[in-house]
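Here come two complexes built around chain A, the first alongside chain B, the second alongside chain C.
Now for the complex of A and B:
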């Protein structure tokens, strides 16, 4: 097998790179061990939420943020790239849409009732913006165990917003017509695609709403027919309706995955999901092949001119700490930076304290090419994007999807520029 | 200040204390039991879950071995519901002294422990993951036992006989008048109020902490706290208790319990039973020991590490290696030792012998107060237990099956349903999710609460009708509590899991910014 470019990893970083490369006319193969981490994450593009205090204006906060953290991946990505990547994403989402700017963060409720900062958000989440206060009713679904609107509303009512406003929030529990006690978010997403189901839900909910209340649902309003589902519910209730992300699997994340996957295939990309990149062949500082392993088949090398490593970090299994304390990158055997020295603590006993291992990952040059242990470019034609990048704490900073999108976008730019 | 009057005050809510409360209550004494924390949160809740046959001690500590087998038979009769009858194997691994095996068999016979040598091939057929280089294998009646369940069953039985069980009541001082202990001043750690307990007799069953309680009455009880660490692996790497056939050593036992297997343990003298660390090299030593018993052990997923502190009693304490102190129990009559009447300390021993320890204690109590009541704890089964009806691995699935379509699964790892969770919350009258965990194993599986902590908090908020801030506190405390046992051993797939959990807690829910916030657990 051969290609111009091989992307390893089917998350937001890998697919963003893959779509852009394929659209630029490169023969692109994307190898994914599974469907990627978008199935877990809430689909908001969080660029920078805490630094460590709440960030209201990410564009304004980024310069000092990277000045204080020269090893942070954002130090390799300009604010323009971050903004351009978000614009690019919006253009690839129809019929879904993203809204927002890098200038200001939304504050959207989490499932436990914390106002969480996000820069770019799916349009069906935007009406949950808490910054200007307002009145909210959160709808609970009997059989969905991943959403607790009473706790959510209770906490939101206590929330201290930077704008000084207070939020008026309450819960409404629906006796929806689910047949079983235990329905997954995906199960509900499919039920909501049924008009009859929506009409039953709306009929029960409508008389219990008060004037001026917007309605928050868990993020289960349709999977393939999401936009129709959301707009129809909004029509029936005659007021803004929004989704609140909750525990994985993330229906909104799966929609995002579907949109990018479809764009990749439409651009002529070759998608190999269910294949593990088990290793690579290299020669004179250049990667020549990635070797993939699919179920019981023989290992298959794929030859290409450019490679993108977008396999993720520890959570994705791409970077691995063994029982002796050694850290490994699984495909190219890259050096992992930011690992505490032998004998130093890797983690500390208090959960929310700074975790020494928290920023470990792949160090890169300004073109996002991995560096070896001596700080030299490891392979001239290998680029890295997403959670594999060291120096960030994506979930504490709320920067994960912002970094994935911007770095995936940037490596594709670097490769396209080289190819021309 | 509230005042309670009772015949017997028991200090310590571990297996021994609860055993004493039950025994005394069954013999007609009014009893009150206090513990500074929840029941079974000291040594009792922090061991590997092995119901010893006694085989471990036959060569080195025959008295302890005899006590173990005696009680093993009784607990199988009275607490079958808390026991999984896994059976046990003693195997000679390549690093063991070959001659030990013959001494082991002799010791078992002398102690009355049923022992049978089986061919190595048969042992490997039963436990295919075991080291294929073992040279001999013996079966003994080891089993695994759920200490929390046992202790709560004892507590319910004691309550049925009129006992008052007061968790989270810390003894501030003992009242000594006229050369006798007359009761105690305790503090309700959740309500904040002090309570005076007048008692005709006080039993100190505070295990590794017994010296502190005894000192409050001016008495001496030198307890050597011997720390042991244990590691829970994600799977049942073995389905039989597997022991090295060798003198007791670090990491010589793997116990399959519920859905995990636990390797134990180490033995290290510590100065303070409340203040000790788990060192990285200790963990490495255990991993090596696991590798010797089950090759590939290091590639399996380690869920959690914890330590417990054995209460080892020795009159001449200086310099002893805690491994050499007898595991048999000790009853101290402070009238004879210190001239303080109506005060007994029971310490030493093992979880497996808690009932016997209680029997001896209450026998001595009867003798001190001059009454005669026979002990019945060896005959009357604990609530919900029937002789011979053991717990088995599929029990929870069996219970879950009929309600599959009517009840939600809140903790998928441990098959905890919503109804069960709500019932436990109401029964335990606590908003501490860690108390709930010990009652129904919430959050104890591979994801260590990643998915169920949010759900359980949402349910707690509804069921207990508590303010959001109180619910948030429970959530954050539980996140911290789960992290405590995970962080010293994070590697491999469990690190991957921990990162996913952090993604949920911080990246999706943003719990660090909840109202009330996290100020840090002690």
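Now for the complex of A and C:
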């Protein structure tokens, strides 16, 4: 097989790069073992939420954040790039409008009622903004496991908001949809696409709402017809309606995945889902092929001029720790930076604590090209984006999607510029 | 590590991300099937030699979509297939499954009797009787016998001369007995591109036996087939298949599901197997595909079947269609037509299969001006049965556009 550009990874970083490359007219092949974290994570674009204190204004916080962390990927991505990438996403997917700016973070409730800072959020989540305080009713769907509006409301009512305001939140449980089995978020998303179902929900809910209350639903308001579903429900209830991210699977994330995948295909991209990039061929400091494993018992090399590594982090197997305690990058055999020295602790007991291994990843130059162990560009035509980048701690900083989007956007810019 | 350990052992890689659950076409339409994560890596831990704690496994259609999308490499569909075979061995395999799993045997009986056999297959009363006795749904798509096999045509077909290149064609049972036209068109398209087409003796690949849990028989068939094809592969010939599911069987499924990873013949064959569209596109990328296509003025919905997606090669048919002037192709974003080989024929699964395919049928009906295109035979029959719109293999569009008809 051959292409102009090959992207490895079908997460937010890889798909963003893929869409932009394909739309720039490059013959682009995207290889992914499967979809990435988008199916699991809320679709919010969190640029910077904690540094380590709560960040209210990401644009203002970024300069000192990167000054203190010269190895952080944001040190290679200007604030303009971050903002441009979010603007691109929003303008690009009309049915999936995003709102927000880099100037300030929203504070949206999580499924367990923690206020979470996000810079760019799906339009249908925005009315959950807690910053100015308000009155909220959270609707509970009985067959949806893992979503407990009473817990959500209780925690939220006790939350300390930076603005000093308090939130008045309560739960309203809707009756059973009549199915015996649990219903997944996706199952509910399909049910909500049905007008009849929405009218039953609205009829049950309306008399139980109090004046001035906005209504939060788990993020299941439609999959393919999300916007009409959400707007219709808002109409029926006569008040702001918003979605709260659920535990996996994330319907909001799946919508984002669909939108990006469809844009990629519409631009003529070639998508190979279910194939694994198992290695590469290189020559004189240049990658010539990525070798993928398809169903046949033969390696399939894909020849291209540019390559993007967007394979995620440890969770996706992009980077792995072997039984000798060594850390490897799985496709190009790149050097992994930020690995604690032999004998130093690699992990600490509490998951969300500062994990010494947490910043391990690929170190890059200004154009996001991987560096070798000596700090030189490893391959001139290989770029890296997303969670594979070293130096960040996305889950502590709340920067995962912001980094994935901005870096995917930036590597595409670098390649398109080179190509022209 | 033997394959069983490797397929089953992959369940330890499951991180419970639920990605497979969001894609499973069956669990998305019926509560009878709790989904791949649950039935695959989760329940497998509880299965012992004494049996499976849960029979919902039987509702897995084996479409393989879960394995295709699992980012952790869990062999979910393969785990399910192996567990289903064990469960059926313990609980007994219905006569129906033993019959529909043998298309080549059916073909041998039906071909000489084609007019009579077809009369019965088209007869409502007969289909009703079959439903009552065998539990094959009376409305399920059933192919008709062509009356003359592709093999017999191929034996009389003069080889292309002069030819500098040769290729081996694996036609599968369905093209042999039911759709020899598809195979003849494949030969014509390959010959048009300068290939002498070798059609070795071949029988069933064992896939329907495998899907119905008859593993020993499936192994016998696939090993024999591999033995017949291996000498060509060893000499460097590529092998193309028009049946995308049988091609996948030879590429990977037999090695994994039937634990034949050590079968050298199969490995050699797998290394040389190509889906026909994959092969033609690779020719095009090397500048070796003839592009003297005439315009085809029609709008065609294209469905890449689940088993085609299992190849991990993208959708080469779409790119080939892009070479044909005038042809407008609308790619269906539906992953499965529901039938999944023989699943949708079974009375207790027919409704599920139709519901799985419903969004596809709507797209096909909305888009098609003349025909729909799809790589897999059982899926074509399902689409046609459900929509009334004739469905063709992608090579048929190439054949027409080359003006070979």
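By definition in this document, the second predicted complex is superposed on the first by the 412 of 420 C-alpha atoms of A that agree within 3 Å, B and C clash if a C-alpha of one lies under 4 Å from a C-alpha of the other, contacts with A are read in each partner's own complex, and residues count from 1 in each chain.
Just so it is clear, a residue touches a chain if its C-beta (ideal position, glycine included) is under 8 Å from a C-beta of that chain, and two chains touch if they have at least 3 such contacts.
Note that the structure is predicted; figures quoted are calculated from it, not measured.
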After aligning the two structures on chain A, examine chain B and chain C and state clash or fit. fit
After superposition on the shared chain, which partner residues are touched by A:322: those of chain B (first), chain C (second), both, or neither? first
Looking at A:1 after the superposition, I want to know if it touches chain B, chain C, both of them or none. Which is it: first, second, both, neither? second
Looking at the overlay, does A:227 come into contact with chain B only (first), chain C only (second), both, or neither? neither
Taking CA centres after the superposition, what's the angle at chain A between the directions to chain B and chain C, given in steps of 10 degrees? 80
Contact-wise, after the overlay, does A:367 reach chain B, chain C, both or neither (first, second, both, neither)? neither
Determine, under the contact definition given at the top, whether A:248 touches first (chain B), second (chain C), both, or neither. both
In the overlaid three-chain picture, which partner chain does A:40 touch, first (chain B) or second (chain C), both, or neither? both
Let me test your reading of the model: by the given contact rule, A:181 touches which partner, first (chain B), second (chain C), both or neither? both
Classify the contacts of A:313 with the two partner chains as first (chain B alone), second (chain C alone), both, or neither. first
Quick one: is A:27 in contact with chain B, with chain C, with both, or with neither? Answer first, second, both or neither. neither
Which partner reaches more residues of chain A, chain B or chain C? B
Minimal inter-chain CA distance - chain C and chain B, angstrom: 5
Between chain B and chain C, which residues of chain A are contacted by each of them? 40, 179-181, 248, 315-317
Quick check: in the complex, which residue numbers of chain A touch chain C? 1-2, 29, 32-36, 39-40, 179-181, 184, 186-187, 190, 248-249, 254, 262, 265, 270-276, 292-298, 315-317
Which residues of chain B touch chain A in their complex? 284, 287, 298-299, 302, 403, 405-410, 418, 451, 454-455, 457-459, 461-462, 467-469, 471-472, 475, 479-480, 483-484, 487-488, 490-493, 495-496, 499-500, 502-516, 518, 520-521
Which positions of chain A touch chain B when the two form their complex? 40-42, 46, 54, 110-116, 143, 145-148, 150-151, 154-155, 157-160, 179-182, 245-248, 313-317, 320-325, 346-352, 357, 394-396, 398, 400
Quick one: in the complex, what on chain C touches chain A? 15, 17-19, 21-22, 28, 31, 34-35, 67-73, 248, 251-252, 255, 267, 270-274, 282, 285, 309-315, 319, 331, 333
